[in-house]
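Shared between the two complexes below is subunit A, which pairs with subunit B and subunit C, respectively.
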Partner chain A sequence: MTTILEVEQLKTRFRTDNGVVSVVDGVDFSIHAGETLGIVGESGCGKSVTSLSIMRLLPPNGKIEGEIRFNGKNILDLTEKEMQSVRGNEIAMIFQEPMTSLNPLHTVGRQIEEAIILHMKLDKAEAKKRAISLLKAVGMPRAEEIYEEFPHQLSGGMRQRVMIAMAMGCNPKLIIADEPTTALDVTIQAQILDLMREVKEKTGTSIMLITHDLGVVAEMCDRVIVMYAGQVVEETDVDTLFENPKHPYTIGLMNSIPELDDEREYLDTIPGTVPLPHQMPKGCRFAPRCSQAMAICHEKPPELLQLNGHKCRCWLYAEEGEQQ
Partner chain B sequence: MKTVKKFLRNGLGVIGALIILGLIVVAVFANQIAPYDPNAQNYDQVLSAPSSEHLFGTDDLGRDIFSRVVFGARISIEAALISVGIAMLIGVPIGLLSGYYRGFWDEWIVMRSVDAMQAFPFLILALAISAVLGAGFGNAMLAIGIGFAPAFIRITRGQVLTLRNMEYIQAARSVGVKDARILFRHILPNALNPIVIQATLAMASGIIAEASLSYLGLGVQPPTPSWGSMLNQAQTLLSVAPYATIYPGMAIFLVVLGFNLLGDGLQQILDPRVRK
Partner chain C sequence: MTPLLEVKGLQQYFPIKSGFLKKTTGYVKAVDGIDLKVYPGETLGIVGESGCGKSTTGRTILRLLEPTAGEVWFDGKDLAKLSKEEMRRMRKDLQMIFQDPYASLNPRMTIKQILMESLMVHKIGTTAERERIIEEIIEVVGLRKEHLNRHPHDFSGGQRQRIGIARALVVKPKLIIADEPVSALDVSIQSQVLNLLKDLKKEFNLTLMFISHDLSVVKHLCDRIAVMYLGRVVEIADKRTLFENPSHPYTRALLSAVPVAKPRQKRERILLQGDLPSPANPPSGCTFHPRCPYATEICKTKAPSLSDIGAGQLVSCHLVQSGQLK
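And now, the complex of A and B:
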C-alpha cells in the first residue's frame, strides 16, 4: 500500500497576547492510498488545527514545524503559489458547518466550478457539464436546477452534498473532512456518511475524517488516531480500538457512549476538562483526569509506545512496551 | 429583470429612486427648466415673495431662487458623486487589503492614520485639506473625498475582518483560490451592503459638506449657485425673506432623504438573504 500523506513531528504554535501557545505538539501519523483515517478527540484537542496545518490555512499568527510529506514531498517547503495548486486539486476539504461554508452570493454551480476551472483548466461549458455530473454523483435531485440556485435555497444536508461535490471536483487524492456530519440531523448523517463511503470506493481517494463521534468512526474508518491535548495518545486499526482499547482516555470515551441495552442509569463521564495549552501538566497530559494515574504519571510524560502495531501513550503499558 | 421587479415592490426604495431620478433630470435639463438666468440680477425685484412670476421668490440681489435651485442641483449631484467616488476609490481598496492581510501595516499605519483623521471634526479636516490644495470646486471635492475615506476604510476593514474568518472564505482558500480573487470575488461582494449604505449616507453629507466649503469660499465660487451657499447667504435674511432659505433647504432635505431611501431599497435587493 502506498502512503500518500506522512505527518512527522507536527508542531503547530500560535502567537497570542498570552505568549506562544502550542496547540499541536509532536503529532505523527500517515495515511495510505484509499484508506480512511479517523482522528478522534474532544473539542480543543488539536484535531482541526492538525487539518488546517496540512492545508497550510492557519491564521497568520500560526506557525508550523515538523514535516508534512504529501506524495513524498514536504508541503511545508512549497511556496504559497505551489500550495494553491495543491489545495482543492490534490487535497480537498469538507467543512463542519454546511450552513456557512458556501458563499451566500454565488450560485451552487459557480462554487463547484471554481476549483474545476482553476485546476483542470476547463472552459465554462465543460466545467458546467462536470459540475452537473458531480451534483448528480452526490445524489442531488434536479441537478440542472440546483446548479442555478443559491445556497440559502438548500437544506443543510443538501448543502453538505454540495460541499462534497466541491471537494470531489478535481479528483483529489486526499479529502479532509472536518466533522462533516456534526451539524446534521441523524438520518441525514447516515446518508452523508454513505455518500462519502461511496465516493471513496468509486474514486479511490483517501479520507482523513475528523470527528468526536465514535459511532462515525466505527462506520467509516480503517484506522483511528485518538488525540488528547495536542498529542496522539492511541493509534490502531478500528476493530482493535473497539475490542481492545488501551489508553484510559479512549476507554473513558467508549464508556461514555450510550448503548441500546444499557442498564446504567447515568452515562460514565470523564471528570474535568482538557488542560489549556499554556497550562499543560508536567507529566502525562491526561493524568489529572485519569482514574488509573500512578505517581510516575504526574512526574514524567509518557512516550508513544509501540505495542504490536497498536500505539499507545501511557505508563500502564511501559513494561509491555519494553519487552517488545 | 427579476431584480428590477423585486426593487419595484419595495415602495420606499422606489420613492427614493424617483427623487434621485428627478434630481438627475432637473440637473440635466436645468437650461430648459429654469425660467431665468440663475445669475441675472434684477434690482427692481429684490427680495420679492414667491409669486407666479418668481415661483420661489427672489434673493437680495433680485435673482430668481427657483432658477438657482434648479441649477444648484447640478453642483449638488456632482458634489455627491465625485466626493463619494473619491472616498470609495481610496477607502475600499485600503480597507480590503488592510483587513485581509492584517499585521503591522494594518494595525499601526492604516488604522492609526484613520484614528488620527477621524479625531478631527470632519469639516475641520476637509477645511484644512482644501486650504492646502487651494480654493475651487475640484479641490473641494478632493478634500471631502479624503475626509470621507477613513469611514470607508473602517467599514470595509470591519467587514473583511468578519468575512475572512467565515467558513466559505476558508472553503474558497481550501480549493486553491488566489488571494486577489478571494478579495474581489468572494469578500468584496459580501461586504458591499454596508459600503453601499455608507455611500448613500456619505452622498447626503457630501452635499452638505460642499455647501459648507462653498460658504467659506473654498468650494464653488460665487455667483455659481449651490444649495448650501444659497442657504448660507440667505441665513441673515431669515426674518425678512424666509423663502430664500426654505427652498434650497427643502431641496437638500429631499435629496438627502432620497439617497437614504434608495440606499435602504438597494440593500434589500442586493442581499439574497433578505430576498424573498
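And now, the complex of A and C:
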C-alpha cells in the first residue's frame, strides 16, 4: 500500500497576547492511497489546525515545525509558489461552512473553473465543459443553469455539493474535508456522505475526514485518529475503535453520546473541560478528567504506545506496550 | 388529564416586502397551523430540520413573536389574546432556555445580577430571600456560590448553559421551553447538561418543551415527540412508538438518516431527494409530496390532517391513514 501523506512530529504554535501557544503538539500519522482517515475530537483539540497546517493556510502568527511529506516531499520546504501548485491541485479541501467559503460575487461556474484553468491549463470552453460535468457528477440537477448561478441562490446542501465539485476539479490525490456535514441537516448529511463515498470509489482519492461525530466516522472511515488537547491519543482501524476502544477519553466520548437504540437513563459524562493551550497539565493531558488516573499520570506525560495495530497514549497500557 | 399548554391552529406568517413602497408581496409560512398539547410533568420534544418552524413555534408560544392566528391556552388563559403587560406577568410561569450560551447572557452583568434580574422583574421575595434563592439555584445546576460574582466570559460553554438553565428555573416556572439547549456544546459537555436536565425534571417535576434537531438527544430526554416539516406537525407519538414504529414517510427517512456509531451495522437508508422547499411557496397538497418516495395523486392535491392511527399516535399522511402504507 502506498503512503501518500506522512505527518511526523507536527507542532503548530501561535504567537498570542498570552505568549506562544502550542495548539498541535507532536502529531504523527499517515494516509494511504485510497483510504479514508478520520480525525475525531472536540473543539480545541487541534484537528482543524492540523489540516490547515498540511495546506499551509495558517494565519501569519502561526508557525509549523516537523515534517509533512506528501508523495515523499516535505511540503514545509516548498516555496509559496510551489505550494500553490499543490493546493487545490494535488490536495484539495472541503470546508465546514459552504456559505462562507464560496465567493458570493462570482458565479458557481467561475469558482469551479478557477482551479481547473490554473492547474490543468485548459482553455475557457474546455474548463466550462469540465465544470458542468463535475456539477453533474455531484448530482446537481440543471447543471447548465446552476453553472451561471450565484451561491446565494443555492441551498446549504447544494453549496456543499459545489464545494465537493470544486475539490474534485483537478483530480486531487487527497481531499481534506473539515466537518463537511456539520452545518447540514441529517437528511442532507446522508446525501452528502453518500456522494463522498461515491467520489472516493470512482476516483480512488484518499480522504482525510475531520469530524466530531462518531456516527459519521463509523459510516465513512477506514482508520481513525482520536485527538485530545493537541495530541493523538488513539489510532486504529474503525472496527477496532468501536469494538475495543482503549483510551479512557475515547471510551468516555463514546459513552457520553445518546444513541437511537440507547435505553440508558443517564449518560456517562467526562467531568470538567478541555484544558486551555497555555495551561496544559504537567503529566497526561487528560489526567485531570480521567476516572482511572494514577499517580504517574499526573507526573509524566505518556508516549503514544504501539499495541498490536493499535496506538494509544495512556499509562494504563504501559506494560502491554513494553511486551510488544 | 388536562393539558398545561394547548396550542390550537397556531400560525406565524412573516410578510415578504418588496419594491420601493415595501408592499407585502407574499408570506413566509414559518408555522402553518399547529396543534399541540403539553401535559403537566411531561417533556414534549419537537424535532425537525432547519427551516421547519420548530424554533418559531417556541417563540410564538411565548409571544416573543406575535402570532398571526391561533390560540395558545395556558392555565385557562389564551396567551395570544393577553395584553403586553398581562403577558409580561405571565412569563414568570413560562421560561425559555436559549441555544447559544454565548449570546444569551449579558456580558456586562455578573451571574448574580443576571439571576437577580429575573426575581426583581417578577417581584419575588425580599432582598435577603432573593440572595438565598440564588445561592440555592446555582448549586442545583452544579455550579458554586463563588461563581456568582463572576461574569459570563469566565465560564465555558457548558457552564454558561447551566447559568441559562438557572435563570429559567429561578422563578419556578410551570413550563420551560428549551430551544436547542445542547447543540452548541461538545458531546462530553452535552451529556453533562442532558443529565442535569433529567435530574431537574425529576426534582422539580418540570414540564418541558424541548426543541432540537438531534433525534438521539430528543429520544434520550423526551416522553412524547412531535415531528415537524415545513411549518406543520406531521407526526406525534410517545417516544417508544415513534422510534419503534415511525409511520409518516418523513419520520422514517429522518430516523434512517441518522449516522450510527456502529461500523459493521448496515442499515436500510431512505435517501430523500432534493431539499426542503421554501416556506414562502410551499408545495400544494401534502407539503412533503415532492420528496416523498410513496406520493400518489391525492397527495399532490389534498392536504392531509393529523389523525389518530391508534395508541395516541397522530399522523398526517393520506397513505398511512388509508392503510396503503404500513
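A few remarks follow.
In this text, the second predicted complex is superposed on the first by the 324 of 324 C-alpha atoms of A that agree within 3 Å, B and C clash if a C-alpha of one lies under 4 Å from a C-alpha of the other, contacts with A are read in each partner's own complex, and residues count from 1 in each chain.
Basically, contacts are C-beta pairs under 8 Å (C-beta built on N, C-alpha and C of every residue); 3 or more make two chains touch, one makes a residue touch a chain.
Model, not experiment: these values are computed from the prediction.
Within the superposed three-chain model, A:Arg87 lies in touch with subunit B and out of touch with subunit C [touch as defined at top].
By the touch criterion defined above, A:Glu299 reaches neither subunit B nor subunit C. Once the two complexes are laid over each other on the shared chain, residue contacts for A:Leu267 go to subunit C alone; subunit B is not touched. Looking at the shared chain after the overlay, A:Asp77 reaches neither subunit B nor subunit C.
With both structures placed on the common chain, the touch criterion links A:Glu320 to neither subunit B nor subunit C.
Touch criterion not met for A:Glu148: it reaches neither subunit B nor subunit C.
Of the two partners subunit B and subunit C, more subunit A residues are in touch with C. By the touch criterion defined above, A:Ile188 reaches subunit C but does not reach subunit B. Common to the subunit B and subunit C contact sets on subunit A is no residue at all. Of all residues in subunit A, those touching subunit C in their complex are 42-43, 141, 155-158, 185-191, 193-194, 212-219, 238-239, 242, 252-254, 256-260, 262, 264-271, 273-274. Interface residues of subunit A facing subunit B in the complex, by the touch rule stated above, are 55, 57, 60, 84-89, 92-93, 95-97, 100-106, 114-115, 118-119, 150, 152, 163, 166, 169.
Interface of subunit B with subunit A (complex): residues 101-103, 166-178, 186, 189-190, 272-273.
Of all residues in subunit C, those touching subunit A in their complex are 49-50, 156, 158, 186-192, 194-195, 198, 213, 215-217, 219-220, 243, 253-264, 269, 271-272, 274-276.
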